[in-house]
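One chain, chain A, appears in both complexes that follow, with chain B as partner in the first and chain C in the second.
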Partner chain A sequence: MAVTATDVAARAEERGRDRHFIGGSVFAAIGVLLALAAFFALGADRTTTFRLDVTLTDARWTIPTRPAVIALAAVCAAAGLWLLGGIRQRLYKIASTCAVAAIVLALICWAVSQPGQSFRAESILAGSLFLSLPFIFGALAGVVCERSGVINIGIEGQFLMGAFAGVFVANLADNVYVGLLGAMLAGSLSTLLLALLATRFQVNQVVVGVILNLLALGFTGFMYDQLKTTPGANTAYGVPQNALGGLGLGFLSDIPLAGPILFDQNLFVYIGLAMVFVVWFLLFRTRWGLRTRSVGEHPAAADSMGVGVNRLRFWNVTAAGLVSGFGGAFFTIANSLAFNKNMTAGLGFVALAVMIVGRWNPIGVLAGALIFGFASQMAEDLDAAGNSIIPGPFLQMLPYAATLVVVAGLIGRAKAPAADGVPYNPGDE
Partner chain B sequence: MNVKTAAEPPEAPPERREPFMTLFGRYLIEANSVMVTIWSLLLAFAIGAVLLIVSDEGVRGTWSYFFDRPSDALSASWEVVSSAYFALFEGAVLNFNTLDRFAAGTAGFGDVLRPLSETLTYATPLIFTGLAVGLAFRAGLFNIGAQGQLIMGMLGALVIGFGISAPAIVHLPAAVIAGGLAGAAFGAVPGVLKATTGAHEVISSIMLNNIAALFLVWAIGTGFLHSETRSELVTKPVDDTAALPHLLGFLGGSLRVNLALVLGFAAALFVWWLLSKSTFGYRIRAVGFNSHASATAGMNIGRTYATTMGTAGAFAGLAGASLALGINAGGVTTNTALEYGFDGITVALLGRAKPGGIVAAAVLFGALKAGALSAQPGVPVDISILLQAIIVLFIAAPAMVKAILRLRTPRGGLVTLEAKGW
Partner chain C sequence: MRLELRGLTKKFGSFTADDDIDLTVEPGQIHAVLGENGAGKSTLMNMLYGILKPTSGEILIDGEPVEFGGPGDAIDAGLGMVHQHFKLVGPFSVADNVQLGREHTRGAGVLSPRAARAAVLEVSEQYGLALDPGAVVEDLPVGVQQRVEIVKALSGPKTELLILDEPTAVLTPAEIRELLAIMRSLAEAGTSILFISHKLKEVQAVADTVTVIRRGRVVAELPPTASEAEMASAMVGREISLTVDKAEPEPAEPRLEIDGLTLVDDHGVKVLDGLDLTVRGGEIVGLAGVEGNGQTELARTVLGLIKPDSGRVVIDDRDATGESPARRIRAGLGYIPEDRARDGVITEFTVAENLVLNQYRDEPFSRRGMVDAAAIRRQAAESVAEFDIRTQSPDDPAASLSGGNQQKVIVAREFSRPRRVLVAAQPTRGIDVGATEFIHSRLVTERDNGTAVLLISSELDEIYALADRIAVIYNGRIVGEVGPDTPREVIGRLMVGGEADADGGDRER
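Coming up: the complex of A and B.
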């Protein structure tokens, strides 16, 4: 039977007006439940205050909480009904983003509605950017590795190595910048092992990645114990808080909202943001990037075009360790903390999830990292504020739970590079 | 774990039988799985020795004038390495001090057995978590979530352990089963997620580990679980009727090894039966070997993932029960779970995901743990994690051992883990 052009168009139209039953009913149900909960559980006198707490300390906007939450819940429910009724494919993302944003905003309004609390917009957004850094560095390292076809599940271990070596080398050299260099080299040493095992010895990369995590955990813990008795081996080093101040640009931090968020951060933030664009440019605009991506998608084809598959993979993975090792220094040097056992607390794996959320693309990684940074910052803030309805441990679960939801919800649709995790052995083809 | 042999065509059988010593000698220089295991252990202890030397300040000092007086550096290095490993041995197998006192009549026989009892005590949860990881390996799943499943099992056993009152014959099995069920429910989650959404079990089970650890912090603080007599973060003790009886109590109160060890052996036996004799085990191995072929043959891959992870979780939950009803019957803290779940990964890898191998590996790593904990503060406690990680790194990459030591490829190829993608 011949397929006519009109058939195709009709089918495309049919596909275009998909009904999203699950998503739609979930959003509608959440919207209705949220509105009902707000109506019955929220006192009518509750208000939510938004403040610019750093630059314009007097400015504040206060809204009554109950109507605000109910309005946002209505937005969410409306988006859900829209999805249920059928929607064009390209509007699907917009509708579901609106719904999720409405839920998050409603919950924030609710959470900071207690007397004496306010949403300190500048501190929270600046903190979110800062807390997204480990995810940015870790996920970028993951992107470089996986785009070349090597699964790097050992980001956690590279973080630990970087965190430890950063402080240790800074103490040895009495210079924090040398410490940063040490952190990068330590991370790279960890990925060097992964690269060697993945390209030369063709191992199961997931298993070896997990073992490398354990190795880093054991090694740093061991060294921490051994150096505990040595004075001045694990003293905290930090970098200046306002990196732009040193360049004579300190006045920029007085701009409301943008100032504290973008212009009053330390070195790590600027390097992190720069790395996102550098890695994006390298991957998608250079010859190296094209080769790397081809090696990750179809190594045999790349090989036939004269690309040394295993050599390129080896150097890419080793170089990615420089980035994740630098990310490890975030835990110690960026926070001006001394090293402590297992201080990365599983965030290396969250970075892996951020990489998946970002769909193996640096720009997507930035967006995902900011969302996770915001979740971490909100959890920290609500936890510190005490009198929260939700117990502290549950707030601390937020980034992990979000990762779980994201991985479960996205991984089926987000496509990994085709040859990710498959060793390339020219003789096999 | 999927054992893949990079097969080479078998050569024609030799006409003449070679003498035993020739065969044995050839066996020793081959990279077969026994020799790779032995070399991995030796290499790991050698690397551990180097790290001990490098990280010790006093010894580093003597190396700075090595060329003037090499004997100083060498003897100091020997001293620090041998004393550390000797302390591990004394804590795990036999303490010669106690032996002397036993010979002089000032210590009982139970005191001599104490290090061995500690080794078996620490090996017990490792047997369970090793089985939890190993069973999932056989289905091609990588269960890193044993730590979280163990924590949930611990809570499940604890709640039944003090929540109901019954005679021991009912109470103890009920509490043990509750632990297993709690672990199974928690363990099934990554399997179900993988089956329904394709989420990789490594990430989801790691996230569940973190969630379980934080849940434990919260749960211990609640009025229902928190100890009524102690102010620090510790739970109520389980009833005596739910506590696992000590096996060697008649030899002395300090011998902590308890009935859970026997349960561990039974569990290993059960896994052996499950994998080699049952339909379910056949399905596990088939899916692990080639999931596409199994699907074509009519097996439900998703259901196999979910049930395998659930069963694996049950074993990790039993590990938790063995802690909550055994050595920590007096109350569970946030620190009770140690890293038993993560150690399960190394146990399963070293044991090549076979029940017998897992028991042997669990005893070895239990000995490392017992040794490291008893050698405090002279030896860094994390030396046990470090040595374990190095050992299994070599086990997972036999080609590296072969390349380092220039061993020969055995007939039939190297035994290695099958590499695969997300």
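Coming up: the complex of A and C.
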């Protein structure tokens, strides 16, 4: 979030102080309620422990929970009052980000304050990065499509195709890397249809996307039923869990905090992070990127300069399928799982939200994906701990709730490429 | 470059847009193509620029026949085009817009921002067109955006002929003067210019030769010294009166009173700043001003689409400030909006439906909540005849009409109902001489019937032709109210915030 916040702050001019009644009163109220709740509901003997659970297993920092939660609630309430009293435009985002961060931290402190529990910083952060991968791949595919002016709400379907084809092809070839290739091609096959219908036949892209999702769901479900009795068709394949170990860089994973998060990860993590920067570079630093963005913003302008609008859109959308198909393989191959019906569980739609949260920018996508990855990881962790007062299914709603809150509240108006979803006919204005 | 078109023809189905057009542009010449909207000018340019393929005929460059598969071929052949609707990518920088399609790279497709900047600066220096290559295009004023378009057109591999398609349609008078000067200096430097327009004064001011086309055919080749009346009648095919005949006004009681109107926009800027203005029955008040000084907001506030932060709008001695637009319309307020396509017609609706948009709920068009299609059709037939709306049938969608005829639909709709006050915002923008003449005469008839008319126009010619009194708006305030005989220079000074008297005195910021 820091990226978008500073970004916006830099652009916004100093326009005196603005008052934000709704945001301010919500933050102030949450702050006060949280503080009161902590005061009355939290036992004074509760403590919250933070641990580096992988590298320095002896290190632990313990703080009394009640004062910590009350202090964080006070930060949130203060930010709310600041918004109510009037705040400079460029500080607005910073203040609301602080308030949200304080709420989240306070809730975490509270949640892990049960006796015997602790906040396993390294596992949780490493897991967050891992779980952010589907969002990264899906949203990057979305960014490439929508920057070219084609709405791709079929990411969920491309995930399913990739997840299925990854395992299936790996089984056929008995090689996981060939399986990854198969996943990419399957995703691309799905977007090829979208590209064809959107450019050649100018069909409504949202409708096509919905149909493609249903098509993928039906097709992979059918294939799963057909193959589940066939031995050697849906056996789990995986990639090495510590990719850097194979390169002789395994020692890096012993660095506290950074080691487990950055240097002891699955191959998918490194490909995902690399893709963020590759797509960013391609979009904003190359001829292809300039043309792609122009086609998504003002196709008639691009056309008048000799850029083949529909041709570029077609190939971009088809290529984006390679990325989302690879993201689909996350569900099976990165997790060393066999394919299962509808195993993507709607995360393709969350990836769309991540794309919007990231403002159609790969760096923003990374930031957004990490937030959602963290939410997923926390939900999993609290659920696994078992003694949480909140039932498991509610915790699993956390990523989706986060989607709603972030999209509706924090981001506000995000500007899509101007020609996003608008078919282009040569000669159009 | 010498450009020759021989027998160029374009057919769309059974409709012939351009029929056997011959035209020659000599090197270093400004050649104007004059014609009404829908005469086939844009089709001609699109063929020339490779966007459309001619049905028959040929294009010769320096005597050699050429064929363009797309705009890229035309650009390579040395043509540059400035489109009527700018082909600029708003969020891009000036340099990125100029290099689009022929990017400066460091090899392997990686952009070189420095080379792109340098290329823009080189062209802008060469032709004296000041530009900041790093500026974001959507933040630039329209006149500067057009300069970007010109630099873009000149930045081709060897641009020798520039096509300017209705380049002045969106410009303020000062920007138009600047553009005409740029055109002259480009021509002196040897660039040929093909100048598409329907504005006679501009054509007279810069062109070396004038070709007039009507209904897809060349109907006249005129020297620029030909009179305006001569050009206009060639364009329209009949005698045209360029001056509006009108009697002395007989102003009656105030019908529209605007009192201390103030409006603050989202950015905290006062777009209307204590604006006072009174329009009496039986007079036309012309509101002159450079666009963007609050005219749009004023019109929308008078209609009730925007609620002012303070001040009053009084219609017929009744305070209408808090009333809805529907209420004001019923009370006799007519409105010709400046943005036809957005506020004036619903393009998907039929002509007949558009003609009753302001009264479909009233008798006889609805009865007990049901629309009476027969009554609407009768009304449509009447309006189509009276206002000379050229449509195949009143049941065709409004989108199928030309801009001028859409405007006639709006005028017919507003005039088909008794009214006390009329706000006409840019009533003839982008429409041709014939329709303009018609709408002007209707506005005068309206005045003679006793309506109070507020005419908002960025065209001083239009203000002079119609207004009985001229008010000048600047920064959301009326900075002067003068008679219709006031010299242009005085109004021009007021429009940019100067004083009415010649020395200027203390200039307002």
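Note that in this section the second predicted complex is superposed on the first by the 407 of 429 C-alpha atoms of A that agree within 3 Å, B and C clash if a C-alpha of one lies under 4 Å from a C-alpha of the other, contacts with A are read in each partner's own complex, and residues count from 1 in each chain.
Following the convention adopted for this analysis, a contact is a pair of C-beta atoms (placed from the backbone, for glycine too) under 8 Å apart; a residue touches a chain by one contact, two chains touch by 3 or more.
All values reported here derive from a predicted model rather than from experimental measurement.
Taking chain A as the common reference, can chain B and chain C both be placed on it without clashing, or not? Answer clash or fit.
With chain A aligned, chain B clears chain C, so fit.
Tell me which partner A:Asp420 touches in the superposition: chain B (first), chain C (second), both or neither.
A:Asp420: touches chain B, not chain C.
For A:Leu352, is the partner it touches chain B (first), chain C (second), both, or none of the two (neither)?
So A:Leu352 only meets chain B here.
For A:Gly218, decide between first (touching chain B), second (touching chain C), both and neither.
first
Examine A:Gln205 and indicate which partner it touches, taking first as chain B and second as chain C; both and neither are also allowed.
After superposition on chain A, A:Gln205 lies in contact with chain B alone.
For A:Ala302, using the defined touch cut-off, is the partner it touches chain B, chain C, both, or neither? Pick first, second, both or neither.
A:Ala302 contacts chain C only, not chain B.
Spot which of chain B and chain C makes contact with more residues of chain A, would you?
Residues of chain A touched, chain B against chain C: more for B.
Which holds for A:Arg88: it touches chain B only (first), chain C only (second), both, or neither?
In the superposition, A:Arg88 touches no partner, neither chain B nor chain C.
Return, as a multiple of 10 degrees, the angle whose vertex is the Cα centre of chain A and whose sides reach the Cα centres of chain B and chain C.
An angle of 80 degrees, rounded.
Thinking of the overlay built on chain A, is A:Arg311 touched by chain B (first), by chain C (second), by both, or by neither?
After superposition on chain A, A:Arg311 lies in contact with neither partner.
Which value, in Å, gives the least CA distance between chain B and chain C in the superposed three-chain arrangement?
Between chain B and chain C, the shortest C-alpha distance works out to 5 Å.
For chain A, what residues appear in both contact lists, the one with chain B and the one with chain C?
Residues common to the chain A contacts of chain C and of chain B do not exist here, since the sets are disjoint.
Under the stated contact criterion, what part of chain B meets chain A in this complex?
That would be residues 51, 55-57, 142, 144, 193, 197-200, 202-204, 206-211, 214-215, 217-218, 221, 342, 345-346, 349, 380-390, 392-393, 396-397, 399-400, 403, 416-422 of chain B.
In the complex formed with chain C, which residues of chain A make contact?
Going by the criterion above, the answer is residues 15-16, 285-291, 293-294, 297-298, 300-308, 418, 426-427, 429.
For chain A, which residues count as touching chain B in their complex?
151, 153, 196-197, 200-208, 210-212, 214-215, 217-219, 221-227, 229-230, 341, 345-346, 349-350, 352-353, 356, 391-394, 396-397, 400-401, 403-404, 407-409, 411-412, 416, 419-423
For a test of understanding, state which residues of chain C touch chain A in their complex under the given definition.
46, 49, 51-52, 70-73, 75, 81, 83, 85-92, 96-97, 99-103, 105, 109-111, 152, 267-268
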